[in-house]
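The first chain written gets the first letter, and so on, giving A, B, C and D; residue counts start at 1 in each chain.
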Amino acid sequence: MTKLVSLKEAIARHVPDGSAVALGCALEPAIPFAAAHELIRQRKRDLRLIGPISDIAFDMLIGSGCVAEVHAAWVGNVSAGLAHCYRRAMEQGIPRRIIVRDHSNFTMALSLLAGALGAPYIATRTLLRSDIPRANGTFKEATSPWDGSKVLLIPPLVPDVTIIACQRADADGNAHQWGPWGVSQEAALAAKTVIVLADEVVDRAVIASDPNRTICPGIKVAAVVHVPGACHPSPLQGRYARDHEFFHEYHRATREAAGFERWIAEWVTGVPDHAAYLAKLGPRWTALRETGEPAAEARF
Amino acid sequence: MTKLVSLKEAIARHVPDGSAVALGCALEPAIPFAAAHELIRQRKRDLRLIGPISDIAFDMLIGSGCVAEVHAAWVGNVSAGLAHCYRRAMEQGIPRRIIVRDHSNFTMALSLLAGALGAPYIATRTLLRSDIPRANGTFKEATSPWDGSKVLLIPPLVPDVTIIACQRADADGNAHQWGPWGVSQEAALAAKTVIVLADEVVDRAVIASDPNRTICPGIKVAAVVHVPGACHPSPLQGRYARDHEFFHEYHRATREAAGFERWIAEWVTGVPDHAAYLAKLGPRWTALRETGEPAAEARF
Amino acid sequence: MDVSPGELMVAQAAREIADRDVVFVGMRLPLIAFVVAKRTHAPNAIGLFELGVVRDAPAPELLYTMGDTPNVRGAVWCARTVDLMGLLQQGAVDAGFIGGAEMDRHGNLNTTAIGADRAHPTVQLPGSGGGADIASLAKRLIVIMPHDKRRLRDKVDFITSPGDHVSVLITTLGVFRFVDGEAVLASYHPRSSVQVCAEHTGWPLRVAPNVSETASPSSEVRRIIRGYDPDGFWTRRGD
Amino acid sequence: MDVSPGELMVAQAAREIADRDVVFVGMRLPLIAFVVAKRTHAPNAIGLFELGVVRDAPAPELLYTMGDTPNVRGAVWCARTVDLMGLLQQGAVDAGFIGGAEMDRHGNLNTTAIGADRAHPTVQLPGSGGGADIASLAKRLIVIMPHDKRRLRDKVDFITSPGDHVSVLITTLGVFRFVDGEAVLASYHPRSSVQVCAEHTGWPLRVAPNVSETASPSSEVRRIIRGYDPDGFWTRRGD
């Protein structure tokens, strides 16, 4: 049974207002910006975002008023600096107040790992002297029953939906992703359901020829969407490079709320879909394409 | 700096008597039988074996008197039945008494995962009504501070040395393994040090062409050994099939202690090294060779 | 009609797999039951193998272990044990198969050791493998084992796999369902009977009011079984 | 000699990496410090990037983020964040780099928010990333940040990254070592001085008895820095 649908349909059907949505879980690369844009176009509200770094994806969603809560280790613009919408929301409540659950990258990874394992909690020694646990509010301090030392217990995070972008997937949702995984696999396995944005939709036989590349099995996946270039301006290994200047332009353009609104109107709400977004990028998009170097042969 | 040494040297240098040794961690495939044989040839003593299934590898080591303690979920002969040496040791103390720390596959995986994570412990709901926790003796029952439910806390297992077999590795120990990983990666990352048995030793560039295939990074590895066919009679994906009949012959031959001794004299202590073992197998070995089907291309 | 107990058990086990079920398959007879189910009424069932393999189609040739190279070739996911056990602990696995050396009337299984003292067993068995996890965490548990008074015991020496989630016990003589946590004979195999089952059961047999003969495998199912295991390595063992 | 503060900090940071160190690299200046160290005195250092990349050779071109495609191409391991954080928690990581918005004299860093109330900050900063983990778990922590009275504060509003393991603080004006958990000025950069450092530090400056001028980068090091970051994107920012 094919799970292939349009991005519009996938987001409309599987991301109701109020959903806990994990995205951008590979950290800097493979961020499904196309899905973030579609969430903005569909004016989703009260989302609870989950993701370690997210580069500017969370910032856009916050600025567009889609977000009630953020579980993150870092929200900013990796090569340019601070995230202006996140700042406005936290400092001035513009466009609305949001709740932040601070994490470090490790506690984010452990939370999603606990979710993926179905584990009640995982004990760690990170952050014992940090203020993050207090700000997060979901961890618990405890004493190890082995040596009496202080530990921090991390409970599971279970996204309602995890959105991942990958190089290729079959129509069942079996998804091949290569390059760094960050916390993507944990986020996908922990989630109640998964939306896969595939740069390429391939026959099942392509996936089955190399099952070690599968980051997420079809049994977890509700929708597969064919979206070439879904990660721009972030990179996708072997397909296209990061568009650094795009991040820097966004940083300059969104210093003020009005500038952010102009930027969104131009790049997100002003284009009907991701194909139109790529067409608008034009030769700038083409110039980012990479073909990479082939992996050494492996036979199964 | 190359870490390439002979198997004899690797075992002599990195597996002192009394070591906690993890091996056979991919479950049925990729069991480094060549290393088990070398441990027997070098008459290692008081080893503490760690591994979920191990097929007949643990049985041979137990029968040879190398073993003081076993941490395992299952010790037997997967396609033939019970493990005779394990039975003799447990039932009659022949050749010696051993201590068993019972596990399930999940608690074995969680123990090694906790080791790999450097985590003080991981909570689980498996085995709450099983007698295994009592028999294992290292887990602790606890109450979840979130919902008051009963949980089991699994502490880390840290092997002194994990021995893995893989399709290819470079001289630094960066190892590519494909096919099922079982608990191999956790066992390697948890260990104080790792010995890699590579079917093929390749240039670093081969590894770096596909870093997602790396199961274990060189920073964990003390020794890399070039041992073609290291897993016989277990299979290695894309290289050779399982020698089912060999397992069945072993089962029949080792029903009595004297039969086991004859078998070991013929197949292990009676051959100087693994190359001689393969030569002794002759055309039977050649007939197991597989070349597999190529994985679909991935470019980095 | 020449149907071996192994074939009967496989056919019954296959009926326990519903279409779209996510199933922890296990080795030996369950493996063939998965093949039968996939090729008949459950084409969309998904098989999980605890060493880290997920298949939406059975391996094309007979497997001796789940790690055989044909079981990896053509898998849709080659993962880590902990990934699949995680799905199990999440509650995402519908059913799992296990075998046992002994079982009590409440479905508790012993695959660890016979004898009162774990450190000095009378018979050392191989152990749990993933069985105890599947028993603890799968929604329903399907147990396959030989029918024998010394195996179906009033009390087992060691609870490897707790019986809470056992939905069915398929033996060489009949099929038990679990009612209020206790085994009740639901059907007896051809050439067996309630009487025969009672004689070979180590607890006072409870019998379902509507007990009947176990349905024999159809000729299609027999063809699938014999096509997959032509030498009867798993299905005609010990016959 | 035209050396920017960025270049001075990179050169000093590179000196903090010993050969064979396993290092959590991080972005911006530390990335270039890793390149300098690898190409000079620490050819066997290994770089870990928290998104899951392990490299024994730096990427051949300037990186803007650790996830840029050239940083993955030629890596020896492409892993999961949790794998690398696990090595960190095991104690297998020798050193890590982090930056900070503010630091107190005990090395505690704030990268979360300025202001007393976390829910209503005066300035919302991006957050920890992996910084708090590296600070909690690496054997030694190397901190790089601008030297400013408002940044080197007596007390920080929020401890993102605890200071226990800080071994050195490299600023735009000087280098601090930590003695009994407190920052002590070890050297001042060319064109800076003890006096200048004191004026720009928010706590009463402690000065090492053997304080001296920070060694300028050799011409080789300058050549490596400028070859790697020819436009000065990271090393001549804000100059």
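We take it that a contact is a pair of C-beta atoms (placed from the backbone, for glycine too) under 8 Å apart; a residue touches a chain by one contact, two chains touch by 3 or more.
All values reported here derive from a predicted model rather than from experimental measurement.
Give the fewest steps needed to get from chain A to chain B, where each step moves from one chain to a chain it touches.
Contact-graph shortest path, chain A to chain B, evaluates to 1.
Once you count every C-beta pair in contact for both, which comes out on top, A-D or A-C?
A-D
With centres defined as the mean of C-alpha atoms, identify the chain lying farthest from chain C.
The chain farthest from chain C, judged by C-alpha centres, is D.
When the centre of a chain is set as the mean of its C-alpha atoms, what distance in Å lies between chain B and chain C?
27
Between chain B and chain D, what is the gap in Å from one C-alpha centre to the other?
41
Could you list which residues of chain A touch at least two other chains?
110, 117-119, 124-125, 178-179, 181, 185, 207, 212, 237-238, 292-293, 300
What parts of chain D, by residue number, touch at least two of the other chains?
Within chain D, residues 53, 69, 72-73, 78-79, 82, 85, 88-89, 137 contact more than one other chain.
Run through the chains and report each pair that touches.
Those chain pairs which touch are A-B, A-C, A-D, B-C, B-D.
Going by the contact rule set out above, which residues of chain D touch chain A in the complex?
Its residues touching chain A are 27, 49-53, 64-69, 72-73, 78-82, 85, 88-89, 112-113, 118-133, 135-137, 158-162, 164.
Enumerate the contact residues on chain A facing chain C in the complex.
It comes out as residues 1, 115-119, 170, 172, 174, 185, 189, 204, 207-208, 211-212, 214, 217-219, 300.
For the complex, give me every residue of chain D touching chain B.
22, 44, 46, 53-54, 56, 69, 72-79, 82-83, 85-92, 137
Which residues of chain A touch chain B once you look at their complex with the stated criterion?
By the definition above, chain A touches chain B via 110, 117-125, 140, 142, 144-146, 149, 151, 153, 155, 167, 176, 178-179, 181, 202, 206-207, 209-210, 212-213, 237-238, 291-300.
For a test of understanding, state which residues of chain A touch chain D in their complex under the given definition.
Residues 26-30, 52-53, 55, 72-76, 78-79, 82-83, 86-87, 89-91, 99-100, 102-107, 109-110, 113, 124-132, 135, 178-183, 185-186, 234-235, 237-238, 241-242, 244, 247, 290, 292-293 of chain A touch chain D in their complex.
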